[in-house]
């Protein structure tokens, strides 16, 4: 036998007790949606997992009303420490049910169990644990004393890290005192609905979190609902742009975490084996379905051939297949639609003259799959060097000097992530300074932590998730002083600093009155 | 016997120079009683475009200057403004029809505002940045950085100088460069401020002042792909929703219009509105 | 990427060609410091990731038997006696008396003065450098500290080889290495290698112990690995077992990466031996995975990979019994040697 053909090591599905149909979670209870239900399938087998309800406009209305009611009646009146206790409870329940959630996520999303088990679900728990502790410390969130919550938050999340994105959204929103209506992505609703069961176990007051399912139109209805005070969206730049347009002129506060085309820069003095690992982690983690993926490899010309040779060898050890197998590195592409896009852009890369190389993987007969692929001889004008592919496809470009690396890295409308690989500390700091990206990983890649703010520059969106900055996205300063009249200015010119200091001390009641 | 006064030609301030509008257009600036005061340049979309180019090319130097240096440069503006108080008071009295005491108070406050914001230059990063205790062997730090080129519609209310300063100063603190459309009715102090900036240590292109019609120019700035942020503080009377929609195409950071005399109240948040938080991770191990 | 001329060179020629001059401190320093560095966090993360591989059923059975066949069953105590060595040899030959199908270990590893006892005890089962039977490895060169004159170290080696040792596990001079006297370390390895030559001109296999626990940093481990290979070592070995930490998965991974790069460069295959601290089959399987995924499955042969261990064998045997009988075994069902 060949040892490297590891025998199957599938994670058991026995601990999963799924229902055949899932309704909407509104006001603390599951309810049938008024829209047409849809199938959620396992992208690795194309088999149906369950039927999911669709929320129509009336359902969205119900959910927003429930959230408003819970905000006015319960959540905004609760002490910060009590809000925190609920979040701690949720964190613990997620830990207790971690394996079940990991299996469900892998089934529904297609990502490998080792990622859901070791990354997604642990981060979900960590996110709730982190923000739980913030709930009674909002004065220190960086928006001044006595900050106010915003009200009802409409949150729309993507399919690439379903439950993790839910945690990134819900945890800070609740800690800050808001209530939530969340819509998971159409293809990955399952764990959000299991999470709703966790909320029931945590005895979270009804309506504080509402989860509605459906397609993009449900999401559009939600973010455009007039009863919403905050919109948080993670997803494509095109949808983010549409949301920014649609809420123009309203006073909804907006956070957008959108696409990216991250540059992973490898200098000739890089710790080379770790850099190769970082390249792999940067683009093949989660099948490349990562907004902050290091999808553009910028490698110094002098080491290009060596790096590519090492990378190809490494890629041959990637194991593509059953996402539930504990040894699987590359799982299924989330949907037929996404697979078609990856194929289209990859084919285009070839047509444009880039050189394509894919790891030799056996593709399972059913489901959606794409072999880890790299393109060399890519130039900056190629579509595969500019468009977000959102799949396991790496475009390799070269540079000669640090200045050229920085210029090429920044030459994109996106600005979410970047990587730097070098053993020279001063260069790392200087390059990190010059990169126009919200997250820069030096000698590492794709690391996430609830205490670490995450978000983009330019067309990768605005607002931060994680850390106290992520909390501030769900808060507003206590209302500032009212009018500043010329008459006041006439009275022996008060210094501006005093004025602004007094502004912060206005009571929260003035704030409420102003609403 | 009265000496015949020499009136000033009020031009645009772009890239550290004082060009006329490329369109050749001017418009009459009137006193509050309707008397002719001056012909101001009526900036065009191409002037706005040139201003954006100037702002973009000045960005690297200004954003790259040390915070201490930016603070001193901004403070220097206050010094020079102090020295030219009388000119500004006269322009404000003429344009806005207030008495000298009121005008004087406005100028004082504008000067103090520069001082207040100048002091933030080397502090806002400390206040808004963060060292993050991630659970792993990593050094992790978050630092705010300037967003880039900020287009501003200056407050169009009564206090033309103070409104302008209140809008541009916070954007400059972090190292952004600015294209500002001045108060349409009372643009004289804006151009005179340009003269102050030109003779202070502010590098050319860091602040670009366009006079003329905000309604005409703002849409070009809102839709300009090389503008990173849009401050609509003085756009209350424009179709600002349309401007926001337009800005959404390139996902600009947008501040909404503010009404009344307290528009652009000095606040750290005005500085932070035009910053981007960058988080840098680095591995940490002695092995 | 294999540079074919290098493959045909003698080690000294090859080293000369690579270093670009004599093996002086300065030349070696330039060469060793030109090798890309290691980021410790990334290396450890990769090792941890490899450690999560789940080896089940048929793969596990294969792994268990492979591990046994890769073990240098070791006793390195001041209290060692011919009787103890006989007992060790018996265990090496028949690890599990209850299951004659159990493979033999690769070698027994003893102090130089015990080589004769080991050879006698093995009798016809002495593989003597071959693959049929069990080899005898001897630690030498003033093991474990290496603090003796070169003459003493070489005598130590020659004695062991003369007594029938098939493999010599030498220690490098860590003091010289840490002080930057790379030329001295190099020369010593070359001299020891020469001392491995038998009267008939054949050579005992040379394993070079880096004592990674004393080198302290991964960059040092990587440089010492290159140095040992340049100087002609057949194997690079992590540790004496007398210094903590001994073998770790990240250290072994970093050495495997050197071996892989050397093979890419020269076409020559060098062996790796983690020693000390590997006590459970679960741990040992992580090493197998790391070897297979770093240098390739080809390395999972006694010619290219060994475990320096004593207590590991019994844990592996317990696992083996569990897989054979279907129920958990206990320590009374494996023999102590």
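Here the chain labels run A, B and C in written order, and each chain numbers its own residues starting at 1.
Convention: contacts are C-beta pairs under 8 Å (C-beta built on N, C-alpha and C of every residue); 3 or more make two chains touch, one makes a residue touch a chain.
Given the structure is predicted, the values throughout are model-derived calculations rather than measurements.
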{"item": "Centre-most chain [mean C-alpha coordinates]", "value": "A"}
{"item": "Taking each chain's C-alpha mean as its centre, the one farthest from chain B", "value": "C"}
{"item": "Pair of chains whose C-beta contact count is the highest in the structure", "value": "A-B"}
{"item": "Cα-centroid distance, chain A relative to chain C, in whole angstrom", "value": "46"}
{"item": "Whole-Å gap separating chain B and chain C, where each centre is the average of the chain's CA atoms", "value": "69"}
{"item": "Between chain A and chain B, centroid-to-centroid distance (C-alpha), Å", "value": "34"}
{"item": "Residue numbers of chain B (touch at least two other chains)", "value": "136, 138, 283"}
{"item": "Multi-partner residues of chain C (at least 2 other chains)", "value": "39, 41-42"}
{"item": "Residues of chain A whose C-beta touches two or more other chains", "value": "443-444"}
{"item": "Chain C partner contacts - residues on chain A that touch it in the complex", "value": "1-9, 114, 118, 269-274, 277-278, 306, 309, 317, 326-327, 423, 443-444"}
{"item": "Of all residues in chain A, those that touch chain B in their complex", "value": "126, 142-143, 237, 240-241, 244-245, 248-249, 251, 256, 258, 413, 415, 428, 432, 435-444, 447, 449, 451-455, 457-459, 461-462, 464, 467-469, 477, 480-486, 489-490, 493, 495-497, 499-500, 503"}
{"item": "Residue ranges of chain B touching chain C (in the complex, touch as defined)", "value": "136-138, 283-287"}
{"item": "Chain C residues within the chain B interface of the complex", "value": "39-42, 44, 216-218"}
{"item": "Parts of chain B lying in touch with chain A, wherever the complex brings them together", "value": "98, 101-102, 105-106, 108-109, 112-113, 116, 127-128, 130, 132-136, 138, 140, 142, 147, 158-159, 228, 240-242, 244-245, 247-251, 253, 256, 260-262, 265-269, 276-283"}
